[in-house]
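In what comes next, chain A is part of two complexes: it sits with chain B in the first one and with chain C in the second one.
For the complex of A and B:
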């Protein structure tokens, strides 16, 4: 092995990498929020009494969960312009990641909703509450609380998967790293640094999410 | 004259799908063997071994698969190995698989009731036989649904091989989309093929899980 490691060009480019980190965090956090919202809508369709709505939701969820996110990103970025919707790399990335996250979030949250004892929902109904109100005031918090760890790992996975959107020129961490690679040819050093950054990001994200969980779910259960 | 996306083009995608399947099976086999070692290390009685394997799993679960593949692809030449995309991808995906399966199987091994391995120990059965004949067969049953779900994730993960230039299903789709200028149909077809490969496995995994839950 006669290779001289040279991390200097990588560290010298720290402002670029920092911008990449911001891009990654921006796109993945937006997708998480939108994805959870859309996922809850799909979950309610999936659990609703109408067979039509249920079939649409199941079809969507299974389609997304059984195809690679890279193909979904390509489909949105390259396919959408064919039907007249032209999106920038970043918009396509956020849309694709939101659609992806929604399917997984729907299934996870459904697990939580099913863990709610039926008596609670019946009590809401007996009080004359509307389905939307039952979900809002009775079901959601304890349901999401029950599946919060699974939801968090899904979010972290989404953040890691956001590295793929560099392939449609959305400007996040991997995109900047690849640009840097083509300028300096220090591939090994760059990807090693990148691995360390992603590892740190996933640890930080995990800590932040568990902090949010601790604050949001800090109510007595008994 | 621009080529239209028709039957012949679809067959080209299927040709690519063959390499997706081959790559997935290769990585699953090699990664499975390594994963068993990781799982045994993770449940071993030596603290050092437990810590090393825990760190190994943490690294692979905390970094994107794409970066892991790039790292192997650019790292192997430094060790003086001549890299072919196939070799790099097989190694990269296998290492990734070993970490995830290692963690899944650790859970299954620990889910086998302690009494089983205590009883084996009381009968004077050594570590190897205790594992092979008593613990692992039971752990295998428990871990099967999660293992199959991971296989689905692995098949989806091989799509990244397209970004390193291996002509599997997704890369075939990229090429075809560039030739026909019909990205909507082409990527739709690509997604459909992945769907057809993955859905039976997903269904199988859910079925086995339901049956295990019913048995308990």
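For the complex of A and C:
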């Protein structure tokens, strides 16, 4: 083996990599927020008394969870222009990841809502509160709290999976790494560094999420 | 039908029937509760006591009969349920405090969302009622940090914050350790002394003697007997009542 390792070109490209990190964080955090919001809507449809809404939600969730995320990304970016929806790489990436995240979040949050004792909802009703208020002020926080670790794992997975959107030229970390590779041919060094950066991002995201968890979703329990 | 003129009747149940699937849990219940009246409801487990009071604020639907609260008819599908729930407070066996909110926030939430009270006013009223149940000093704590008896007193204060005209209690002391029963019963006795209308499902016969105007005995979905406590305990008219009293008083 006579390969000489040379990380210098990789480190020299740090502004590009930093831009990639920002792209990854921007696209995945937006997708998490939108995905959680949309997921809660699907969860409510899934749990509603109307069979029509339930069927739509179940169909959607099953469709997303049983097809590859890369296919979903390709469909949004390459497929949707056929019906007149033309998106930039980044827009398509955020939309596809939001749609993907929503299906998983819907199922996770449903587990949380089902863990709430009926007495909580009855107490809200007995106090005269409307259903929407009961879900917003009584059910939401304890439900999210109950499934918070699962939700965080899903968010971290989403951030890692965001490397796939480089394939539709969304300018995130992997996209820039590939560009750098084609310029320098330092594949070993580049992808090793890339791996280390993703590892660090996971750790940071995990720390941020657990801070959010401690501030918004924790309270004393026995 | 206008019943607002009959203001001495706070609750009126007429021929109320309820089924859970094939199970007939309430059979032709007729019950009138006068303003300021205190009723203790007792009977064996599964006789329909909880279901009966839960129909009054429409936590359960009835299939037949009519229920009026303050002259407003509660339709079988829950028409007017919102209106009626404003007048009816409820205290549950399991307290059902909101675990993610402090004691104070538990008492403020419905005031804010239902009555649209300002924060300052809601807090004032919450503190007043927390003082009334002697727990104001715990206002900043979370439910899990309180004992069962303290939690139940907070639950009572939370209900009172909505200015109910009627309070429903569903075995409020059954989930408590024995040493905490008294503090909750004392709170309820002081409410009774203030003249609020109440229906209380309980087997605390000391409480019944102290505050009840009427003790009602239910069995298998029917009201078997209804009498003033003196007569109820000393001279029950029905064999089933006697058997039941024998059981609960002997242990």
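Assume the second predicted complex is superposed on the first by the 218 of 222 C-alpha atoms of A that agree within 3 Å, B and C clash if a C-alpha of one lies under 4 Å from a C-alpha of the other, contacts with A are read in each partner's own complex, and residues count from 1 in each chain.
Note that in this section a contact is a pair of C-beta atoms (placed from the backbone, for glycine too) under 8 Å apart; a residue touches a chain by one contact, two chains touch by 3 or more.
What you see is a predicted model, and the numbers here were worked out from it, not measured in a lab.
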item	value
Which of chain B and chain C A:202 touches, first, second, both or neither	first
First (chain B), second (chain C), both or neither touched by A:220	second
Which superposed partner A:188 touches (first chain B, second chain C, both, neither)	first
Chain B versus chain C as contact partner of A:69, first or second or both or neither	first
Which of chain B and chain C A:163 touches, first, second, both or neither	first
Contacts of A:141 with chain B and chain C, given as first, second, both or neither	second
Chain C versus chain B, contacts on chain A by residue	B
List of chain A residues in touch with chain C within their complex	117, 119-120, 122-130, 133, 137-138, 141-142, 145, 219-222
Residues of chain C defined as touching chain A within the complex	57, 59, 82, 85-86, 88-90, 92, 94, 96-100, 109-110, 113-114, 142, 144-145, 158-159, 162
For the chain B and chain A complex, residues of the former touching the latter	58-59, 61-68, 70-71, 74-75, 78-80, 152, 156-160, 162-163, 170, 173-174, 177, 182-184, 187-188, 190-191, 194-195, 198-199, 202
Chain B partner contacts - residues on chain A that touch it in the complex	1, 3, 62-63, 65-72, 74-75, 78-83, 160-164, 167, 174, 187-188, 191-192, 194-195, 198-199, 202-203
